[in-house]
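Structure below; questions to follow.
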Amino acid sequence: MTSATLFGLAGAALVGIGLFGMLVRTDPLLRILCFNLLGGGVFLVFGAVARRGAGAGFGGDPVPQAIILTGLVVAFAATALAVALVLRLASAEDKR
Amino acid sequence: MIADLLLVAAMLIVALASMLARQAFTAVALFIAYGLLLTLAWVRLAAVDVAMTEAAIGAGLSGVLLLGAVRRLATQASPPPEQPPGPAMTLLIALGCAALAAALGAVVLLLPNPAPSLAAPVAANLPATDLGNPVTGVLMSFRALDTLLESAVVLLAVVCVWALTPEGGWGGVPGAAQPVQRDGPLALLARALPPLGIVIAMHILWVGADAPGGKFQAAAILAAMWLLPWMAGLVTPPPIAARWLRWTIAIGPVVFIAIGLAGAVIEGAFLAYPPGWAKPLILIIEFILTASIAVALALLVIGTPDTAQRR
Amino acid sequence: MGMLPMLAVMLPVLAMVAAVPLGARGAERLTLAVLPIGLALSIVIAVIVQLTQAPILYHLGHWAPPLGIAFRADGLSAAMLVTTAIVVAAVAIFARADFGTASGAPERRQAFAFWPLLLALWAAINLLLVANDLFTLYVGLELLTFAAMPLVCLDGSRATLEAALRYLMFALLGSVLYLLGVALIYGAAGTLDIVLLRERVTADPPVILAIAVMTAGLLAKTALLPLHLWLPPAHAGAPAAASAILSALVVKGSFILLLRLWFGVMAAVPLPDAAQILAGLGATAILLGSVAALRETRLKLLVAYSTVAQIGYLFLMFPLLAAVPGVSDIAAKAWTGGVVQAVSHAFAKAAMFLAAGIMAARFGHDRIAELGGAGRAMPVTLLTFALAGLSLMGVPPSGGFAAKWLLLSAAIGAGQWWWALVILGGGLLTGGYVYRVLASGLRSGGAAVPMSTPVTWRRDGMALGLAVISVALGFLPLAAFGLVQVGQLDLAP
Amino acid sequence: MPEFLLAAALLVFLTVAVGLVRVLRGPSEADRIMAAQLLGTGGIATLLLVGQATAMPALTDVALILALLAAFASVAMARTAPSREDEQEPPA
């Protein structure tokens, strides 16, 4: 087994872990955290795909690597948005 | 190989523990550890650019963002907990997730060999961009549209976070007030680290054209260097009504689109660079974009304006 | 000429970015200035596609796929681009009364947020319509989510914040599943370009799993039953202008992407059994959604449940397209029927939500049982609601009728008569809930309603205009619908 | 020489992995923070050693970023950690 495959399998397991957490945790903040675990798994699967595509003197296929990079930033923005919403909801709760 | 196995085992255990943690703080502490381990995993996958982004954004900024939320929620009444799924339902969900993970694992093993790859066309066309780093080449030339749209997404996220301002807080200072810390490790780091961090960020940005690095990593570091003194209560963010603040976060995407449209007029295709001009134009875009994204990322961590801080 | 689809995307993106530093008043003016340009662009694109009978292709930065990204505006894109531009324009003019900023007035939060969000939504939908790269489409999906989420909770009340959080969770889960599929498809085929993928994909396990998770993710975003739970509270709690856009356009963005996956990427690999399941869910959505609307006591929630039901119709085209690959006549009917349903529902639902918003604003509530006197005080609003309702029911002649008739005849032609029954039953139920609202509105009496003002006339005009378009689509000769066939991957000659 | 460096990297990583037990088990929050710190420091050491061994100078930059951001995350953790004093008087 190559290390790319190994990390791909790890990504698959992380997808399972993150999805389970997103579905069964009730605290919204922990749900967001699990969304990030899940995202990490998805990116790792993509990273395995990139590593398998090594060639032409590159250690990995640069196209999926660039896509993962973009995806990480988008995922961070999504996390920030979700966190802001949870905080806003909590302060609305507070005033009631 | 042993190291890889060890790394994977550590990653899975930390993720599982984070998902199951009872306390929010524990979960986030474990999540930060997860980000650090992922960084090492990216190095092992020969994706150094991604490793840098993961360290800066995945572990660093995301972790601090979640920690800040834990801190603020601790002082506020927690919303009534939703009903967790019953044991039978939980078991069903667990089986479903396990099945998905197993299917995904099987599929990873079944991916075609040799793997299809765009490494060769990237290598063949990279000289046309005058860049040495293939990932930067993809981000700034071959798939520059994605990068452009992503910078717009980050800007939009800031608008969204601001749009959540409670009644009476509009135009005020973003984020919760931070207690002033005159001494202690935080105050020390808040004074000592930023100059160092800014130099490192510039270095990462500059080498990005030819070696791993680039605007997102540099922007994340710069954002962290602004957040440190903010957390120590040493600086106050500008109010969101400030025109210059809004221009700072918008100027990056605006310049990017303007250069793209200029390419459409001169070269006949949106985001096409005239021959010989590719590298200087890309560097200009990267510099301005770094500034915009750094401020936007920091604003995303700082959060929504708070009525309590209206002054 | 090839640049037009690119301009249709970049114009609202640029306007959105520039709207942030300009502030609320500047953003409003910028939006109004950009609307006619965007509308003209989309109409020109549609005319070119119709005249040349070929999709418009454009390579960004001269880089051809698989290395670069291509835009491809086919008939479906063109029809939806025009629809989007018209709905966005009408909603923008409608929204000026709520989110306008008078000269010299201080900037308000809702006004600052609304215009960039509207522009971002427009940009995202146009991107989803013309981008031909699966990852660029992912960025489009996220742009759409980010723009739609704050619109849901623009008024800032606790209920809408909760609805927004629920929507965001569904949407984020949906997009991360979609991204997982993108990774697998790249791993299997080495490209993300839809046209290239059509030639490269085979029914291998990685591709099948990818399509499965992407479909699941997109269904959550499209709110197909049983993943519809987020939609009624989210759409009903938003301001009227936002509800109109959310119901008319936002759920269509992910639906169009689903069409691209099934009949673009997988055009050569039909999945008839899975298509039957999708249509089964669609049929259930039609029936349960309509029944829920029939029992609803609040007007805006009724309209929202009606969206759940009408989305169901869109999925009836899947088995009809997948079942009979040889008989292209039936497939063509199903395709046109589905797309015309998407278009006519967009106009009708936007009109209906705007009308519901006008009534709610003037009555001060939206309880259906207490709408008495609406017929006398606001006949135009009630007429708008009725016209939009006729189109949703599928009464001839209307756009909804054309759509449902095409789907019906395709179902019978394909020998799948059971879908025809669902279409007819759904029409009757739709008639039921539309009638409930009209009957209540036409009763005399009720509370005194404030007089009309020029502002309400303009708002009524916008809503009525959209309703009239949704009906007028039914007067178009069927040949005009040939546009939506152009460049469709598995039907192209 | 590279073999020696790689072995050293593995050793460092092993030590850090043992430290993970403290992140997982606590019991106090201070233990977790210290262990997470160790993970950051150990990660940096591992990266530097591997970078040297495999002649990948870019890993030095990764280590730099990790050093900066780990310090940043640790101070955030330290001031967020729920401690006994906090329970009596909420932070100012």
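Labels A, B, C and D are assigned to the chains in the order they are written; within every chain, residues are numbered from 1.
Definition applied: a contact is a pair of C-beta atoms (placed from the backbone, for glycine too) under 8 Å apart; a residue touches a chain by one contact, two chains touch by 3 or more.
Only a predicted model underlies this, so the values are computations on that prediction, with no experimental measurement involved.
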Count the C-beta pairs in contact for B-C and for A-B, then report the pair with the higher count. A-B
From the mean C-alpha coordinate of chain C to that of chain D, what's the distance rounded to whole Å? 48
Computed distance of Cα centres, chain D from chain A, in Å: 21
Chain centre separation (chain B, chain C; CA means) in Å: 31
So how far apart, in whole Å, are chain A and chain B when each is placed at the average of its C-alpha atoms? 12
Among all residues of chain C, which ones touch two or more of the remaining chains? 67, 135, 139, 142, 146, 149, 153, 156, 180, 184, 187, 190
Got the chain A residues that touch at least 2 other chains? 15, 19, 28, 45, 48-49, 52-53, 63, 67, 70, 74, 77-78, 81, 85-86, 88-89, 92-93
Where in chain B do residues touch at least two different other chains? 28, 61, 68, 70, 100, 104, 111, 115-118, 122, 142-143, 146, 150, 153, 157, 160, 164, 166
Can you list every touching chain pair? A-B, A-C, B-C, B-D
Show me the residue ranges of chain B that touch chain C in the complex, using the header's touch definition. 100, 103-104, 106-107, 110-112, 115-118, 121-122, 125, 141-146, 148-150, 152-153, 155-160, 162-167, 170-171, 241, 243, 246-247, 249-250, 253-254, 257, 260-261, 263-264, 267-273
Counting only contacts in the complex, chain B reaches chain A at residues 1, 4-5, 8, 11-12, 15-16, 18-21, 24, 27-28, 31, 34-35, 38, 41-42, 44-47, 49-50, 53-54, 57-58, 61-62, 65-66, 68-70, 72-73, 76-79, 81-85, 90, 93-94, 97-98, 100-102, 104-105, 108-109, 111, 115-120, 122-124, 134-135, 137-139, 142-143, 146-147, 150, 153-154, 157, 160-161, 164, 166, 216, 293, 297, 300-301, 303-304, 306
Provide the residue numbers of chain D that touch chain B in the complex, in ascending order. 9-10, 13-14, 17, 20, 23-24, 26, 29, 32-33, 35-36, 39-40, 43, 46-47, 50, 56-59, 61-62, 64-66, 68-73, 75-82, 86, 90-92
Flag every residue of chain C that touches chain A in the complex, lowest number first. 67, 135, 138-139, 142, 145-146, 149, 153, 156, 158, 161-162, 164-165, 168-169, 172-173, 175-176, 179-180, 182-184, 186-187, 190
Could you pull out which chain C residues touch chain B in their complex? 3, 6, 10, 13-14, 16-18, 20-21, 23, 58-63, 66-69, 106-109, 112-113, 116-117, 120, 123, 127, 135-136, 139-140, 142-143, 146-147, 149-150, 153-154, 156, 180, 184, 187-191, 204-206, 209, 213
